[in-house]
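In the two complexes below, chain A is the common chain; its partner is chain B in one and chain C in the other.
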Partner chain A sequence: MEDFLYEVVEITQTIWDGVLFGSTYALIGIGFTLIFGAMGKLNMAYAGAAIAGAYVGLAVSMFLDAPIIFVFAVSALVSTLMGYIVYQTCFRFIPTHNHLAALMASVGGLFLIDEVIVLATRGSPMNFPGLFEDAYFELGPFGIRGDLLFVFFIGIVSTVVLLYVLFKTRLGMATRAVAQQDVAAQLCGINIHRTNSITFSIAGLLGGIAGAMTAAAVGVLSPVMTVPLTIKGLIVTVIGGLGSIPGAIIAGLFVGAFENFFLYIRGIDERDMYVVALLFIFLVFRPNGIFSKTITRD
Partner chain B sequence: MDFYLNLINTIGIHTMLGLSAYLLLQTGQLSLAQAGFFAVGSYTAAILTVIFQWNIIPSVLVAMLVTGFLAFLVGFPALRVKGLMLVVATIAFSEFVRMFFYNLKWRVTKNGEEIGPDGTMGFAEIRYFSDNGWSNLEVTFFLWTFVIIIMGVIWWSDQSRTGAVLRAVGEDELAASSVGINLTVVKVSAMTAGGFIAGLSGGLYAHQVTSLDHHSFTVLLGTFAIAYPILGGLSNVFGTLVAVIFIQGLLVEGLRFLGDWRMILFGLLIVLAMNFKPLGLFDKQTIAIIKRSIRV
Partner chain C sequence: MKNISKLIGASLLLIALSIPQSAIYAGPTLKVLGWGAKSGPLKSFGVNSEAALRSAVAEINSAGGVRMGDGSMAPMEVIGYEDSACKKDEAIAILRKTASTTDAIVGMGTTCSGVCQAMFGVLQKKVEDTSDSGVQMPILADTCIRPGLAKISEWSFRNVPNEITMYDELFKWIRTAYPNVKTFTGGSETDQGHSFITYTAIIVQMAVKHGFEWVGPAVPELGPKVKQGMKELQAAAKSQHWLMGDTNYTVQARKIKKQNADMVLVASHPFSACGFMKEMKRQRVKPKLLVGLTSSASQETLNGCMSAAEGIIIPTGFAPITPEAKKANSIVSKAGGFLDLHSSAAWENAYLVKRAVERAAIMGRPDTLQQDRRNFRNALASISSQKGLIGPLTRDGSTGEADKPYVYVQVVNGKWKVIHDPNS
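Coming up: the complex of A and B.
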């Protein structure tokens, strides 16, 4: 009985930690979803840009000996800029109906960013400053890591701000108009390229925050993080339903919990296999994601 | 000399890999699963020759059939999702396969030596060619026989009704189904054919490099597989061959003195090529120019 209770507490704790960490996946998922919603295209360079932002933030903080919040601000800013650059180089001049070429270009962008990072850091992982490492709250038998709580908090705040911008401002209205019907939006006098580049920048901003959050929660920053983060982000986007922001949030938290649970019972080597299997289950039984909206464009 | 033969072998294997994605791209499906099929083919063929001591030709053919069947199975659920969702599904499939081989441990003792796939350590005892005294030149001929057969078959299918059907589905699915083309059959067949070719090339690859490691089958390999036909253009098989020679021969081997900068060049090249030639190097324009200059 003692053992059983101990297991229950451990597993609940694991799942709870996973949910908190899942907020980073949720942010990455929202970024993919935003861009997909706006253009109907996948930006594969997205998570790469997020990690690159975190790197620049780290570099600046190392030179200036700045506080941790500053690292977050710089990485968000750099990642915003990267989002804009990715739009200009990989999407702006490629014919809109040619999905293959845009996707391929952004994959090229991902490798470019990846390799620049490898070259700049000589491929070795770097320590990322931890957040409130000594903060630890206890709730009965459970404990809450202060850094994960902070990560979760930032995730919530960014989501709320994003939803405000999207649904309460003129800018958000323009973005949603382009997403719904780009030709009609253009006829109403909305500049599509301008709106799209703003959408990419906003997504980049979220990505930068998510990149810094991931690095802070894991404790290291390494170029091998880009591809797994891209894949996790895509999985979250698909499970949540392409183009759905609430879906991306819930799927992000869920994937975080799911992954941590399997990490606990099966170990690090097999963890990602189960996450991918989860995606397959969704593709077979619920291909449009949790928040099923019929997808008309592909 | 050995260096050049190895390069030629690599070009052959990557051409086959590119052609397996070429068929799928013709039907408008962007699949990153080719890396996964390639991995399945290479592990299957290697297990057959090493653990079961088979001859290489049946092992490679069985690897091809196994992979083709797997592709057939993957084709059905993947068909439920379209376009960009297919990309995500196929990336996930590749990663699943890679993770599977990362965890696969199957050691047996043969002739007082322990052999077989060893999880994270990889699979290192694939010495079929050296055990049977094949020279490097023979290996190259053996390999390129398959490459030429596959290129020939796809070239022929491009000229025939098959190619027209594939292209019709790729151009416009609605139009294609309204002239009586069964979309499911065409797409699953293309997926299966792609699986056959990728499995075959994987089986040959395993014996050419003599050791397998899950690091070789990442998303990067899947990207290479679709990058060749996209960069070369989907009008004919030689576009893929030229793209492979350019990337493997010139960019990866020829510019070795640039070190890590080569990979940056690869990324940059893809971005630039997609901006200036979104339909590939050998699009209608280029082919018209080549035809005109040949006539003059």
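Coming up: the complex of A and C.
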């Protein structure tokens, strides 16, 4: 009985930790899904740009000996700019119907960003200041990381703000119009490229926050983080439903919990296998994502 | 006329300055070619090793160069330092290209164990075996520390401490230096061969050998011999390991916290070691002692998690504890590199090459290249002891295993400090 209770406590804690950590995946997933929702394309350079923003934020704050909030502000600003640059270089001049070319261009963007980071840092991990690093609440047998609660909170706030922008502002209306029918939107006087540029910049802003939050949650920035975060972001986006912002949030939290649970019961070697299996299950049985009421098939 | 003379003089000076030294020198040169990770997350390995190799070669040349087979002194020349990116296929391609298209007498690289294992595999196994069409090119690696690599080919050499002895002696010393440490547990990154194999085949067993009690998941097969209970340990402790690119270490740190060990082993490269140690700190895991993997005794660990790593003890093949080591450290720093256990081996390797060349009577001519490589290999194999930066480098001729001296360092007040020198 004691062993059973111990396992219940440990599994509960594991799932809870995973849910909280999943908020970083959710933030990355929102960026992927926002761009897909607007353009119907995947921006593979997104997580790379998010981590690059965090690097620049860290570098500037080290240079100026600035407080931690400055790191986050600079990260967000730089990633906003990078979002714009990625759009201009990887998407702007590629024909709309050529999805593969844009995808490959953004994959190139990811590796380019990765190599620039490696070049600038020699691949060395960098200490990243934590938010509420000492806030660790112990409630009986359970422990809760205060910084992850904050990331969770930021994830919720970001979603609310994003949904407000998308559904209550002219910019959001324009973005949705371009996403739904770009030719009709253009005929209504909406500048498609301007709208897409702004969408990429907003996604970049979110990415900057996500990159800095992830780095703060780990406590270390390293170029080895970009590819795993890209993969997790893509999984979250697919499970949440391509283009669904609430779906990305829920899927992020779910994937975080799911992978932690399987790490606990099956170990590190099998953890990612179950996460990928989950992706396949969704692709086969719910290809339109977690909240979709319809299933689109050929 | 005066202006024309000045112009001609300046032009001649410019031309003279733009000609490489090796081009001015008409006699034979001793050519070597290096490679290592110059891109990707392990870029620091290649950057530091290249800086160390080139600096050491410059030092050798400024002291007169190397004595060739005809009695003349010739400069040593690093004809290139290629980027193998710590990838097996890249390193093998560079090895083949170097052997067939360059007149380098020896290939100097690389650092990563997995890459060396693959690369050594394409070399001819036995020098005398004419039926083996493997590549006949001597390779002198800096580090490649995983046990057993030296015996893959008679053309492969490395400059590295014996990891089994290193951890054996470490735990023997900890037993006396930290008498209140009795129990231990730990974790490793499973996707990095050196980290995981060394942890599950050597480090844990050596700790058991010296009387420390394993309090991780039950592994009845665990014993004091190398590899004893390795597979069972890998299976039993699978939930307290991680991958190098992981961002979440909550499960592993919590498991280790529950085990309440006096000593925690963190067998991982700096990237994930830092993430894991920071998570331990957050979860208030406070072991009496932290012990790390030799690959983490580097500046990267301090860059990534100076505070979380405070107190960690790691055995390493380099520390600036001798006048030679201090001098080399200073020279390499000025060249934009950092001397650590990996790159210090690259520095020492340049001197090993000089010694082997002078012993082998190398001619350094295009028509003698293949014979020079063979003679060089034989000479290198015959060197059983050579002065290194912190002590003598030795090599067991029968097994081919190198044995480089090592010291124990600890992060004290945010800096690496030598806390014990087993040779002193």
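Heads up, the rule we're going with is that the second predicted complex is superposed on the first by the 287 of 298 C-alpha atoms of A that agree within 3 Å, B and C clash if a C-alpha of one lies under 4 Å from a C-alpha of the other, contacts with A are read in each partner's own complex, and residues count from 1 in each chain.
Basically, a contact is a pair of C-beta atoms (placed from the backbone, for glycine too) under 8 Å apart; a residue touches a chain by one contact, two chains touch by 3 or more.
Just so we're clear, the structure is a prediction, and the values are computed from it rather than from any experiment.
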item	value
Touching partner for A:15 - first (chain B), second (chain C), both, neither	neither
Which of chain B and chain C A:192 touches, first, second, both or neither	neither
Chain B versus chain C as contact partner of A:112, first or second or both or neither	first
First, second, both or neither for A:42, with chain B first and chain C second	first
First, second, both or neither for A:273, with chain B first and chain C second	first
Touched partner set for A:165, first chain B, second chain C, both or neither	neither
Touched partner set for A:214, first chain B, second chain C, both or neither	second
Touching partner for A:173 - first (chain B), second (chain C), both, neither	neither
Touched partner set for A:93, first chain B, second chain C, both or neither	first
Residues on chain A lying within both footprints (that of chain B and that of chain C)	115, 118-119, 227, 269-270, 272
Footprint of chain C on chain A - complex, ascending	10, 13-14, 17-18, 21, 24, 115, 118-119, 122-127, 130, 133, 136, 143, 145, 214, 217-220, 222-225, 227-229, 256, 259-260, 263-270, 272
Chain C to chain A touching residues, read off their complex	39-44, 47, 190, 238-239, 241-248, 250-251, 254, 270-271, 274-275, 278-279, 282-284, 299-300, 303-308
Residues of chain B that touch chain A when the two form their complex	25, 30, 77-78, 80-85, 87-89, 91-93, 95-96, 99-100, 102-103, 120, 218-220, 223, 226-227, 230, 260-261, 263-264, 266-271, 274-275, 278-279
Interface residues, chain A side, partner chain B - complex	36, 40-42, 89-90, 93-95, 98-105, 107-116, 118-119, 227, 231, 234-235, 237-238, 242, 269-270, 272-273, 276-277, 279-280, 283-284, 287, 295, 298
